[in-house]
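Quick heads-up: structures coming right below.
Next, two complexes with chain A in common: one pairs it with chain B, the other with chain C.
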Partner chain A sequence: MVFTGGGIILCILILSCLAPIAGDPCSVNMDERLSPPSFKHPFGTDQLGRDMLSRVLHGGRVSLIVAITISLLSMVVGCFVGAVSGYFGGVVDDVIGRIVDVFMSIPEIVLNIAMVGVFCAVYGVSTFIVIFAVVFTNWVGYARLMRGMVLSLKEREFVLCAKAIGAGEWYILFRHIIPNAAGPLIVLATLNIGNVIMTIASLGFLGLGIQPPIPEWGQILNSGKNYITTAPWISFFPGLFIALSVLGFNILGEGLNAES
Partner chain B sequence: MKLSRRNFMKYASATTATLLGINLLGCSSRQSTGGVEIGKLSTVVMGYGKDHKLKGGKWGIGFFPKVNTLEKLVEYDLEKDEYKPFLAEKWEVENGGKSITFVLKKGVKFSDGDELTADAVKFTVLWLTANHPLGQETFESADVVDDYTVTIHYKKAEFLNLAKMAEFHMSIMSPSSVSPKGDVKGEWVLPIGTGPLKVADYREGEYAVYEPNVYWYERFGLEPNFEKLVVKFIKDEDTRVMALRSGEVDCLSDYCHGGSDYTPRNQLAPLRQDGYKVFKRGEPLTWVIAFNYTKEPFNNVNARKAVDLAVDRNEVVKIFNSEVYPAETLFIEKAPGIKEAKAQGIVYKPNPDEARRIIKEKGYSNLNVKLIVDKAQGDQILVSQLVQEKLNDVGFNVELEVLESGAYKEKRDSGEYDMRLYYIGGTDRRFYMRLYWRFHPETKWKVYESERTGNLCKKILGEFDESKRRQLLVEFYKAVYEERGVVPLYFDIMTVVTSPKMDMTWDETFKWPNGYEVGEPLFYDV
Partner chain C sequence: MYVVRRAVQAVITLLGVSLISFSLLYIFPGDPAEFILSIRYGYEPSAEDVARLREELGLNRPLVTQYLDWLSRALRGDFGMSWTEPKAVMPLILERAQASAELFLATFLISIFFAFVLGILSSIYRDRWIDHLTRMFSMLGISIPSFWLGLVLIWIFSVNFHLLPAFGCCGIKHLVLPVLTWSFSFMAIKTRFIRASVIEELSKEYIVTARSKGLAESAVVLRHALRNALIPIVTYLSMSVSHLIVGSIMVEVVFSWEGLGTLLVKSVFERDFPVVQALVFLSGVVMISVNLVVDLLYTVIDPRVKYGE
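Right, the complex of A and B next:
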């Protein structure tokens, strides 16, 4: 499973890295608009005559970079909050616990839409806002997992030994506890990237994510919905790549989980 | 009572089967509001992209009811540049245009049976003055001369006063539209007018139901061929098309304002192919590139000229499947003065090589310029991407910013942009009104201002003589062209799409029974 998932992801990553070879994703050619897939344009062209292969591969770069960035940032924030909550306990744990409950009580996508909507209305749309909005809701899963891990690890002998020789609390947290919780967190992060790709694509489809002319899978998918009967390739290929990448990350995550 | 296992299974199965049956029945008995049978009185269902705002708002009710339930004192003939009698049979301009006395047609009735009199016109004028932004800036007072004669006094002496009387917002309404009746500060109830339709029901954000106004049909010697017109508000354009294809609605109409909430242009050809009727009309509504002409680089005519020369309008219209028309002039050809201007060589034509030369010569190479676009105007995002590419091709470095409506307006108002896509003109009746809104130096929504164009605009809007006004219009088009105040891209259209079973014609869609052509779709003969 690890190899299958990893293989799919690796293929998509290699293709995305090769995107510049496919040409400029913004190059307009109105004489070739809405051309079906052909040897010249393997994925066809869109309503401005732009090569869909180039747009999908460049879109992959954007979607994957943003998804991985969001997952890493969410992991950092979630781990820190969860570790502090679990290790110090008491009032800190209660307060963080209630905050987590609040976040968990609202569907993630609804919160994302609200966040992006509010910030974009005030500051305009930017990739940074999308990243911020998704990280804002995405850290909770990591925090819960980390808290549980810390609660179990802090009673273990190596932590008690570290305390006995006079190690500081932050030192113990960062040097002994967090590294020992890394395994399950990596599995969660791998599974989470797939969800984040879906979230970004959903926001892009709703027009709330990364904005044109930067190509992004969800946004390309949306731009093709008016042409679904006359030029289905505009929506098909970004949809296929979203499905494949989510599938790849999920298989990889499941595989890592099974092996751990 | 002890329930045996056998009985339990029997009752459970019966209950499950009953529930399934109820559910199936519920699914299949969808209320059908659509369905037209030609020649019979029936209900027609329409899909429309905007709420009709029948409860009113800052700018009053929606444009659809303003056209189809209310009427104006005069109508405008764009081709002849002439104001024609409608509710008023004649009028006289006094005090150099500061007052106009209208003589009303006799025997015109509101949909509630009350007769149209000078009192109703006075009520409309006073209500607009008290409640409507355009009324507040336009009217001073109104005097009833006799039952059918009313003199309206305006704040300024100008031709625009007459033009405004054909405006959507200046539609005449019955004093019964408010409660208490005739109280200009009273509570808005419903629009009661003399137009072909009257409001039967309305649910905000969902639907409006109209019925024929029998008095209107009597006036024109017609018989209504429908009982009800149900207008469903369907915001998403694709959903509207799907509703038409599935038979949920019988027809689709573009938003009467023009420029947004229309049937997707790329769907018109497939709909035609599948037997749907598409009625389309070119409007004097032109999408343009507007500049921030107060700062570098577009405070310089050469930079604006380079943009104009870089863009090929024939390519722009391809985005809309060539359903809209390339704008080589400021307005469509039948707009006043355009033919004369064209004969004088005032034609916008692309010449990328000349654009490159200007950019190189004037030092604009790789100059960063920001093009902003409102995300709510979906097609404009595609247009702006094409414009961006074309400008980058000739040497500019265009940064495209697609913004939420709020952020867009903020940037537009604070001047944090170099170029934006916007429209000038509107449907026929708004021709002069929009000239005022877009080019008069004193208005908020102007797209360009220079001493020359500003003065010409003022003169045009003050001139009652048609031939002098036409001459001024040609001079104005020349000035905008020479200064490249805006860069016209394409002329918008207004469409109505009907299912094959509907019996509408182009004339019934865009002409009143007396032959007056208007820019907005009409629904008196569906």
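Right, the complex of A and C next:
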């Protein structure tokens, strides 16, 4: 499973890196608009005659970079909050626990949509707002995992040893406890990247994600919605790539989980 | 005792949710009053009009007072007036709720039924072809975006074969494609979980006892393993209300279903923030209540669970 999942991800990564070879994703050619897949344009062209292969591959770069950024940021925030909550316990743990409850009680996508909507009314649409909105809801999973890990790890002998030689609390937390939680964390992060790719694509599909001219899978898929009768390939290929990359991360995560 | 503690916890969470929903309007830049008037009249409102509306909406009061006022109204189902339509927010939401409920009920019933059937079959025939097939199918279900699947189904059944309507609402024919799309992903998550829970129960010692008594395999699985697996399954189902809400938004948008999901997206685009606020708050209320009810229901599902002892 690790190899299948990793293989799918690797293929998509390589294709995304090769994106520039497929040409400019934004060059408009009205003579070739809505042309079906052919040798010259393997994925066809869209309503402005832009090459879909190039758009989908460039979209892959955007989706992967944004998704990995969001996952890493959420991991940093979530791990810090969760570790502090589990390690220090008491009032800190209670307060953080209640905050986590609140975030668990609002469906992520609802809050994402609302936040992107409100922020965009203020600052105009930007990729940073999308990243911020998703990180804002996404850290919770990491915090929960980290808290649980810390609770069990802090009772172990090596922590006691570290205390015995006079190590400070934060030193123990960052040098001894957090590194030991790396295994489950990697599994969660792998599955999480898949989820985030899906979230970004969903927001893009609703018109609330990364905006044109930056090509993004969900947004391209949405732009093809109106041409579903005449040019189904516009929506088909970005969707296929979303499905494949999410599948890749899910299989890899599952495989890593089974092995650990 | 447990009941009281659990209820207090739910109330605190509800307050947190209300705080987030309320502050959504306060990140909004500029003056809501000015914004409402410019939508209502279509031109720049005069300073007196803005001042009058500010007074009317109570925007001049301290933030805490405004929050408490908003909360006490919200708890009674009063979210004020919509900014873009001459209507109160709550009737606007209730109007849409029925369409969403139709879609939701159909999907929920169908996918839960098939999830149980496939999950149980797959745990009984573990590592046989039916298990492999079910696992592959559920892996696809969680990975394929529902909005894409929806468009593919529209392309196949509406565009190519003219069998089913792609858009619009009401009537069995209109339900088929959205329900199919939505069930596929919803079912996938449930099937995986049911399979895992039943398999875990099947590895326990009482199952060996039940088998050694000579019970039929069907009785072992259905009466013993499944019954005990129900607790994690029901917890999981209650937690997955959020999956349902997510699905409803995407599926409703793809099929232009006039429900709550499309209302949320439409309100965000029209900057009708009281509606957005209300929907965020209400989705929180729904999730908190479902989780609370399920927690309290455990005593019914499993007589071993007795709280406060």
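In this section, the second predicted complex is superposed on the first by the 260 of 260 C-alpha atoms of A that agree within 3 Å, B and C clash if a C-alpha of one lies under 4 Å from a C-alpha of the other, contacts with A are read in each partner's own complex, and residues count from 1 in each chain.
The rule is simple: a residue touches a chain if its C-beta (ideal position, glycine included) is under 8 Å from a C-beta of that chain, and two chains touch if they have at least 3 such contacts.
As the structure is a computational prediction, the values presented were derived from the model and not from experiment.
Visitor: Going by the contact rule set out at the top, does A:A121 touch chain B (first), chain C (second), both, or neither?
Guide: Both chain B and chain C are touched by A:A121.
Visitor: Go through the superposed model and pick first if A:A201 touches only chain B, second if only chain C, both, or neither.
Guide: A:A201 contacts chain C only, not chain B.
Visitor: In the overlay, answer first, second, both or neither for which of chain B and chain C A:D101 touches.
Guide: second
Visitor: Applying the document's definition of touch, where does A:Y142 land relative to chain B and chain C: first, second, both, or neither?
Guide: Touch status of A:Y142: no partner.
Visitor: According to the stated criteria, A:T229 is in contact with first (chain B), second (chain C), both, or neither; which is it?
Guide: both
Visitor: Based on the superposed arrangement, let me know which partner A:I251 touches: chain B (first), chain C (second), both, or neither?
Guide: second
Visitor: May I ask you to decide whether A:F237 touches chain B, chain C, both, or neither, giving the answer as first, second, both or neither?
Guide: Neither chain B nor chain C is touched by A:F237.
Visitor: Identify the partner contact of A:Y87: answer first if only chain B is touched, second if only chain C is, both if each is, neither if none is.
Guide: In the superposition, A:Y87 touches no partner, neither chain B nor chain C.
Visitor: Contacts for A:L221 in the overlay, against chain B (first) and chain C (second): which applies, first, second, both or neither?
Guide: second
Visitor: Going by the contact rule stated at the top, is it chain B or chain C that touches a larger number of residues on chain A?
Guide: The partner making contact with more of chain A's residues is C.
Visitor: From the superposed pair, tell me which chain A residues show up as contacts to chain B and also as contacts to chain C.
Guide: 117, 121-122, 207, 225, 229
Visitor: Note which residues of chain A are touching chain C in the complex, please.
Guide: Those in contact with chain C are residues 98-99, 101-102, 104-111, 113-119, 121-122, 194, 198, 201-202, 205-208, 218, 221, 225, 228-229, 232, 235-236, 238-240, 242-243, 246-247, 250-251, 254.
Visitor: Using the touch definition up top, name the residues of chain B that touch chain A in the complex.
Guide: 237-238, 264, 266-267, 270, 315, 318-319, 375, 381-382, 385-386, 388-390, 400-407, 411
Visitor: Once bound in the complex, which stretches of chain A touch chain B?
Guide: Those residues of chain A that touch chain B are 26-28, 30, 33, 47-48, 117, 120-125, 207, 211-213, 223, 225-227, 229-230.
Visitor: Residue numbers of chain C touching chain A in their complex, please.
Guide: Counting only chain C, the residues touching chain A are 9, 12-14, 16-17, 19-20, 24-25, 27-29, 139-140, 142-145, 147-148, 151-152, 154-155, 159, 241-242, 245-246, 249-250, 253-254, 264-265, 267-269, 271, 273, 276-277, 279-280, 283-284, 287-288, 291.
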